[in-house]
């Protein structure tokens, strides 16, 4: 069994940093959203198109563990995969790596699959199939890649 | 002739600061928006209510002059008045003062008065009358108060 | 045994909202920081003063559960208490309530107590004593207040 | 006489949008900072390196004219050049273009050249020489490219 990992890159700006020259803790969620948007696009399913088809994926829970600070001008790598894929729910996992591959952040975001009126609805099967390639349950560590 | 000035207060957070312990230059626009929202409410015309009546005020131009940095935990005073009030257009002016009344920022934001579909429309006369109390054309300096 | 709860209020601005008129999910962390800053001040221990004494409290983990969306102009109440108070570590818990007391968000942020060079150091006993009034372990639900 | 234009691209995220599905007006300043950072890097003079050499460029004034809204997922092109290059001062100009090249924003940011203690200091001649390639005084319109 294999698990694909999606990679996204991000350059840290002053707008994201705070006193002490490190990225402010909430800004990582903005980065993860950008990474997720590019993931859906790479999947051939841009979020905007899904929205036009009546599907949105609001965040219902998130968790972030800060391991080390990112600094101004660092080029970050954001790794993204899925740890859960339910009927109307999915969970993304992320690792943010700094220069030299240092682990800076581990995170998960859990999303509902809903209509535009935020009523839960089942993930379309073809979409779930595409997502499954990136699914790795949390029991299986992703450290051995 | 008199010109009323509206006052709003804001405490600086880490989220607004950047490297070097000063407020990041774009965050002032967010503060000015908060001050403007409270101004409309104090006028008896909350923006949300105006929106329900079909009026919105998108920013079409803004200008900021940074005089001195605001620091973490500074309690800022935002002064707000109008420098122009046209048929379908209005300009707010601001001064942001730090502790001890030090001038930190001077700014203006120019707004259109439009329908929800962003078509220009005339400011209702009763609203213009309320706003006029805060109008001071730029030629008249506001420094002598 | 009693547990004090600190309350902070926040008015939602357009700067915090996203498409669909709800507060963007990362902005809550900024609000929680503002509430925390006021909590420390109310305790008689402003963060800036603690920093001058060589103590900072970087966020090392956070968790957010989104229950319902906050909208533009909502006046939010942020409730804050502690669920853990260790030698060099403390955890804040939060509930964000909307108009009419509707629960919008539950969250925790875990912080290290460190020197300015981010070396862990023990919380001073007098500070820990002040914090203990707000301590309620997670087993004890805070719903019955 | 020629004037080089630097180009940077940016994909709009939900984090940058507000109610009504358009980019919130202050977020453009964050984008312009990112573009400027890449401009300095492309020049062979990354800002972080300049800072290590004792030069920083704080924003002292900025002006933004909003021509049309950017929407979620739009791929924006940011054009950047200089309109002024003084002894200890420089002004960047920008145009932000949406899909199909539509003009969305015109802006300028004026910067001081200072030491880390924010004392004005002269731009080093080799740096000024590199910047001059991108200099086009405002009288000369940049529309005919």
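Should a chain be cited, it is by its letter among A, B, C and D, assigned in written order, with residues numbered from 1 in that chain.
Please note the rule applied: contacts are C-beta pairs under 8 Å (C-beta built on N, C-alpha and C of every residue); 3 or more make two chains touch, one makes a residue touch a chain.
Bear in mind the structure is a predicted one, so any value in this text is a computation, not a measurement.
Participant: By that same contact rule, can you tell me which chains touch subunit C and subunit D alike?
Facilitator: Shared contacts of subunit C and subunit D: A, B.
Participant: Sort the other chains by how far their Cα centres are from that of subunit B and give me the top one.
Facilitator: It is A whose centre lies farthest from that of subunit B.
Participant: Please compute the C-alpha centroid of subunit A, do the same for subunit C, then give the distance between them in whole Å.
Facilitator: Here the centre of subunit C sits 25 Å away from the centre of subunit A.
Participant: Taking the mean of the CA coordinates per chain, how far is subunit A from subunit D in Å?
Facilitator: Subunit A and subunit D have C-alpha centres separated by 29 Å.
Participant: Please list all residues of subunit D that touch 2 or more other chains.
Facilitator: Expected reply: 14-15, 26, 29-30, 33, 72.
Participant: Graph of touching chains, which shape: line, ring, star, complete, other?
Facilitator: If you draw each chain as a dot and join those that touch, every dot ends up joined to every other.
Participant: Under the stated contact criterion, what part of subunit B meets subunit A in this complex?
Facilitator: 14-15, 17-21, 24, 26, 72
Participant: Which of the residues in subunit C end up touching subunit B in this complex?
Facilitator: Listed in rising order, the residues of subunit C that touch subunit B are 11, 13-15, 29-30, 33-34, 37-38, 46-48, 72-73.
Participant: Which residues of subunit A touch subunit C in their complex?
Facilitator: 25-27, 29-30, 33, 58-66
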